[in-house]
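The same chain A turns up in both complexes below, where it pairs with chain B and then with chain C.
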Partner chain A sequence: MVDVSQHELVPEHTVLEDDELEEVLTEYNIDRTDLPKIKRNDAALPDDAAVGDVIRIVRDSRTTDQSVVYRLVVE
Partner chain B sequence: MQDTTPKDIGAINFGLMEPEEYREMSATKIITADTYDDDGFPIDMGLMDPRLGVIDPGLECKTCGKHSGSCNGHFGHIELAAPVIHVGFTKLIRRLLRGTCRECSRLLLTEDERDEFHDQLDESRKLSRDLNDVTKAAIRQARKKDRCPFCGEIQYDIDHEKPTTYYEVQQVLTSEYSQRIAGAMQGDEEEGIERTTPDELAEQTEIELTRVNEILSGSFRPRESQRKAIEKALDIDLTEEDTNKLMPSDIRDWFEAIPDEDMEVLGINPERSRPEWMILTVLPVPPVTARPSITLDNGQRSEDDLTHKLVDIIRINQRFMENREAGAPQLIIEDLWELLQYHVTTFMDNEISGTPPARHRSGRPLKTLSQRLKGKEGRFRGSLSGKRVNFSARTVISPDPTLSLNEVGVPDRVAKEMTQTMNVTERNLEDARRFVSNGPEGHPGANYVRRPDGRRLKVTEKNCEQLAEKVEAGWEVNRHLIDGDIVIFNRQPSLHRMSIMAHEVVVMPYKTFRLNTVVCPPYNADFDGDEMNMHALQNEEARAEARVLMRVQEQMLSPRFGENIIGAIQDHISGMYLLTHDNPRFNETQALDLLRATRIDELPEPSGVDDEGEPFWTGHDVFSELLPDDLDLEFTGTVGDEVVVEDGQLLKGTIAEDEVGEFGGEIVDTITKVYGNTRARIFVNEVSTLAMRAIMHFGFSIGIDDETIPDEAESRIDETIADANDRVEELIEAYENNELESLPGRTIDETLEMKIMQTLSRARDNAGNIADEHFQDDNPAVVMANSGARGSMLNLTQMAGAVGQQAVRGERINRGYEDRTLSHYEPNDLSAEAHGFVENSYTSGLTPREFFFHAMGGREGLVDTAVRTSKSGYLQRRLINALSELETQYDGTVRDTSDTIVQFEFGEDGTSPVKVSSDEDNDIDVEAIASRVLDSEFDSEEDREEFLGSKPRPTNLSEHADDRLTEGTEVSSDD
Partner chain C sequence: MTNVEYDVDDDTIAVVEDTDLPRRLKDNVYETLEDRGDATVEDADELAKAVETRYLDTRVDPLDPVGTVSAQSIGEPGTQLTMNTFHYAGVAEIDVTQGLPRLIELVDARKTPDTPMMTVYLEGEYATEREKAHEVVWKIEATKILALGDVSTNVADMRVQISLNEDTLKERMITPDEVAGIIEDSLGVQTVQQGTEIQFGPEEPSYRDLLQLVEELRDITFKGIEDISRVVIRREELDNGNEEFVLYTEGSAFGDVLEIEGVDASRTTCNNIHEIHRNLGIEAAREAIIEETNNTLAEQGLDDVNVRHLMLVADMMTNRGEIESIGRHGISGSKESVLARAAFEVTVNHLLNAAIHGEVDDLDGVTENVIVGKPIKLGTGDVDLRMGSTTSGSGQAD
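Now for the complex of A and B:
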């Protein structure tokens, strides 16, 4: 099987550590359920991502060099 | 004025109503279908019972004692003779029937399964996902069960016949079981199936022989286990479908027994909505205020559609009861029951597919409850989201180039109708008195005044003089619109922000709204009969907001592409082109005339002196007068030449579409971004007036002679076309002789078509090129095409050269008759002529057949636009509804109303496209912006250098600070 995470069009997905997550949640003053979602079976996710984890996605942007997005892993 | 205090809504709960609740809130039971008696008084316990509210002014409500207007009306109720199904819940009823036990009514899920779905439901709720996905899955799971896990009862399929009939489908023993068994026991010699004797059958099925014989004689119906054994032994099917209609009363009994704890898994709150309440036993009767009757001119009363429907329901209800009491046969009862169901159904929704709509005597379908709410004209979209408003006007628009782009010409008769509330003070007392004394007919007049005691008086022609003297500070005067008032102006379809802008009023005679032509692009308006709406603002807050945020000049840049959407159009562009392309000379009078409608009233130093010693000004210099003094620009212009502006002087280049045009005209765009909206408004206004003066100076018109070419060219074009025709013939011949080689990936037929199309399009281009040779650069059509004002060289080609191939769906015209396009041609004629090639030009005129093909191609374009607008309109609606509640928060995130984040930073970079714009080849010129800011921020060179840290200034603050001097240009990093 192809590992899509190595594809140049797939941005970097990393699982957020607990303290990083805490920081993100306080920065935006939200619960994790207020984050955009990503499905557990999404091929771009790292293998150790579990439901309930928050993923940081760093993608190249047309308007800024890089944009950082967070997503909650769901079923 | 009571009960008008605004109140906060704490919560809204949706649920079903209990029959008892209907009865409790009912003002009266309705038992008779009659409305009014012979004297015109409403009948007690009839559909117009006075306890249901009042509509006639002067009468008192029997329930609440209020008069019409303040009494909202009160519901009544009808006791239905038999339960009927509520059409709004047929799907849910079906789901419940399928998911619960027919015997004990429990949900057909084991406790474990039920708990799991419960958990899933909680999860979904937390993630605000669609709960229906879970409840549907639960029903799907429950349906799989053949037997109830609790009482063991066999479950049958539920069939739903729309809209409101439900059947239980069971497999039962067919009545001809004995014949079928006997038949199968005969065997079939041809198929090689042997005979079976009763003994053998008894042995195989383990049924006693006597029983088998009884079964065979038809005197004993085999039980289910026996039936299955026989079916297996003889390989036959002894069942038939038996459908058993479920009456609403059966369903009601079934639902009543569904336990509360099972409901929750289905997403139903049993406290608020018991499922049996979906089967109506009581029908609420809407108050008369919701279905007022109207009195016609001839004194006859005409009832509302809802009342008509209620009359039907009550009549059938009564007949049902009478028949049942008289002990009528079941068949009749069932018919009446169905009829009652039909009337109650159509009372709620009269547009159900498969059910004939209930009609008025005239044949018009009745507008019942659901029709009042649904659709564009319905209560939600028609009366709540959008409704008719006061202080608005609509009329035809027409152009007025003398107005500023910020202004709108308002007809005096509109201005006299729309009013603005004036709070009279010491300072405006005189004005207020003048307005009032002018009365409602004179312009600037007033229509109403309000005294400090709150009394409102109408200003009339008669009382205006007296009233004017009484006006004092503290009064309110509703004066007419006057010049300078701000109003909102709109043209539908309102597809973007710039479809609604604020304009300043200029009151004018006649009946149309007047606007400057440069605001046509944002509104997408033209003057072929377009109408626009105007709204007069009614409070200071709204007026201030409109002025600051919505004025046309504030909308100069489009958020869609970050460039100017307002700019010169059409004749403005032709005019600027004529003024600047060949850089013509003007004498003093001419130059002053060109600039007469601008702020420039003194000419600059002349550009030069001509041979006769007269000073002259060039087009470039005249145009430069409009530019900001320190503007520097350099770019490639519309006509491909270099446009150079230095210190606000146009040194080189032609001013046309890409310079001052509507969508991203470079100079307008730069002025807006660098010098601000006000400067840009002045510039666009002046460009448009200068251009109008210029085009009038040179004169600009177009006629048929401008598209006519000499005979010599004409014949050359004919030759080219004949040539192309020959080549097409050659191709066809090659094709017929099978000599044509197909292109890769194409069939021979496709190859031929492509080659013919190619040949013909080349022929048209050649014809165009020949025609072009004969057009001078000052040809008006050429000027328009080159400057980008209107039209293209292709249009010119079609006018003078040849119109070319007509196409439908991107192919040559192939439709019409069998194997040919028209009966004028032989079948299977592949020639250019027979498939819509128009070799004439628009000037020379089309032949009838060419004209027909041209109409075919033209029709496709029209249909396309019609289909596209309706499709894109719907798409737009969906998009707007999906995005309308997203909002950029103060922390830069974009969130929806439930605070879910949609974007972590607006547009990923947190900037407005209007404030910043750059594209692939034009990055943001940070250096230029920085130096410009520094220039304006610091007056002296010294200040600037100190700010930049390149040259610190000596201080007497501290000895330590002296270091800064000795260290020279070095700046320490720790402070």
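Now for the complex of A and C:
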């Protein structure tokens, strides 16, 4: 199987810890269900991610240096 | 202290790093300062402050209708896109849909593009040696019987005769045995093989069956990937002056190609956003949408469309973890408001269904409020201003 995370189109995906998640949600003042979604069977999802987890994605941004976004894992 | 690769002194770095600028702009500031050479710390401070002010000024204001602005910013140049469907793209004489049809294809999120193609990068010696690169080509390009030899029908004996070309076989690394085996497996006939000659025929002598067999024989893929009809090999120059071989394919099978030995699975791409989504995930699909829309516009000389608009489109299309089209089957069709949906396409159906299901419209969005003639809740429309009824008197007003 090909290591998808090595592809240049795929940014870094990491599972967010609970306390970090709290910080993010308070910062934006949102619920976790307001976040963009990522499917459970997504090819780039880390192996240890489960439904309900939030994934932190660090993209090389076109407009700034790096941009950090979050996605909620859904069925 | 952050590492700065420009030749400026520490005080200058401190001043610039202190501002609220993104990395890229800071680097631009350093570059300018470096070019000046004689800039003092005060000059640096002034410059950095000026850039920062301008940067903060140009950020999107709260309640700005970014979606509408994006729609207009893509829509206007869109009127100048060519309506010609086909056009050979500069590289590698491969037919690719461009201009308006391609843009429509992307935002409609079609399952397969009109002209699927892949750009296959190679790794190691596969990228530098032509022989090796060709090995990969034969693993990818679909090889049909007509490429391997001549087919003739002997009507008197009711036999199909194939005489294979030995050179081609050697080049494509396939033996007559293998060819015969594949024919037996896929047509269910017994073959007689002598050297490079292969013969077979229908069980019962029948003219129709014979022709049928020839038809089916032509469709068999002996080597390579069925969906890929043509591969063009090109030598391209790298940034560091070296050269490498790159393959361009007509037709795509992204997942299969990534697995092939010699293919660089970190750079190879295709123009089908669904294949990218399936194999690399939703984030890669987002990147691909931006890249493809941007390239389509740039190809037509419309690269002054700000990439932020395309990023917004891509963000919307990938928001739910799968690729959704813009339009009534996708994003517009899943809007909360009945009136907003009805305003887009097939008005009557939406209104009728809404009536049957007793839907309620809360008039929260923009379109709904335009329809009923209320101020929209955007920009200055969202704030209520009232003339002060109490005197602020002592001048404490701010």
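Criterion: the second predicted complex is superposed on the first by the 75 of 75 C-alpha atoms of A that agree within 3 Å, B and C clash if a C-alpha of one lies under 4 Å from a C-alpha of the other, contacts with A are read in each partner's own complex, and residues count from 1 in each chain.
Here is the rule we go by: a contact is a pair of C-beta atoms (placed from the backbone, for glycine too) under 8 Å apart; a residue touches a chain by one contact, two chains touch by 3 or more.
Quantities reported herein were computed from a predicted structural model and do not represent experimental measurements.
Enquirer: By the touch definition at the top of the document, which applies to A:Asp3: first (chain B), second (chain C), both, or neither?
Expert: Touch status of A:Asp3: second partner only.
Enquirer: Of chain B and chain C, which one touches more of chain A's residues?
Expert: Counted on chain A, the partner with more touching residues turns out to be C.
Enquirer: For A:Ile57, select first, second, both or neither according to whether it touches chain B, chain C, the two together, or no partner.
Expert: A:Ile57 sits against chain C, while chain B stays out of touch.
Enquirer: Using the touch definition from the top, say if A:Tyr70 reaches chain B (first), chain C (second), both or neither.
Expert: In the superposition, A:Tyr70 contacts chain B only.
Enquirer: Would you sort A:Thr26 into first (chain B), second (chain C), both or neither based on which partner it touches?
Expert: neither
Enquirer: What is the contact status of A:Lys39 with respect to chain B (first) and chain C (second): first, second, both, or neither?
Expert: second
Enquirer: Determine where on chain A the residues touched by chain B overlap those touched by chain C, and list them.
Expert: Of chain A, residues 36-37, 62-64, 74 contact chain B in one complex and chain C in the other.
Enquirer: Where on chain A does chain B make contact in their complex?
Expert: 28-30, 33-37, 61-64, 67-70, 74-75
Enquirer: Going by the contact rule set out above, which residues of chain A touch chain C in the complex?
Expert: 1-4, 6-11, 13, 36-39, 42-45, 57, 59, 62-65, 71, 74
Enquirer: In the complex formed with chain A, which residues of chain B make contact?
Expert: Residues in contact with chain A: 123, 126-128, 891, 893, 895, 898-902, 904-905, 907-909, 911.
Enquirer: With touch defined as at the start, can you tell me which chain C residues reach chain A in the complex?
Expert: Listed in rising order, the residues are 22-24, 258-259, 265-267, 269, 276, 278-284, 287-288, 290, 307-308, 311, 315, 318-322.
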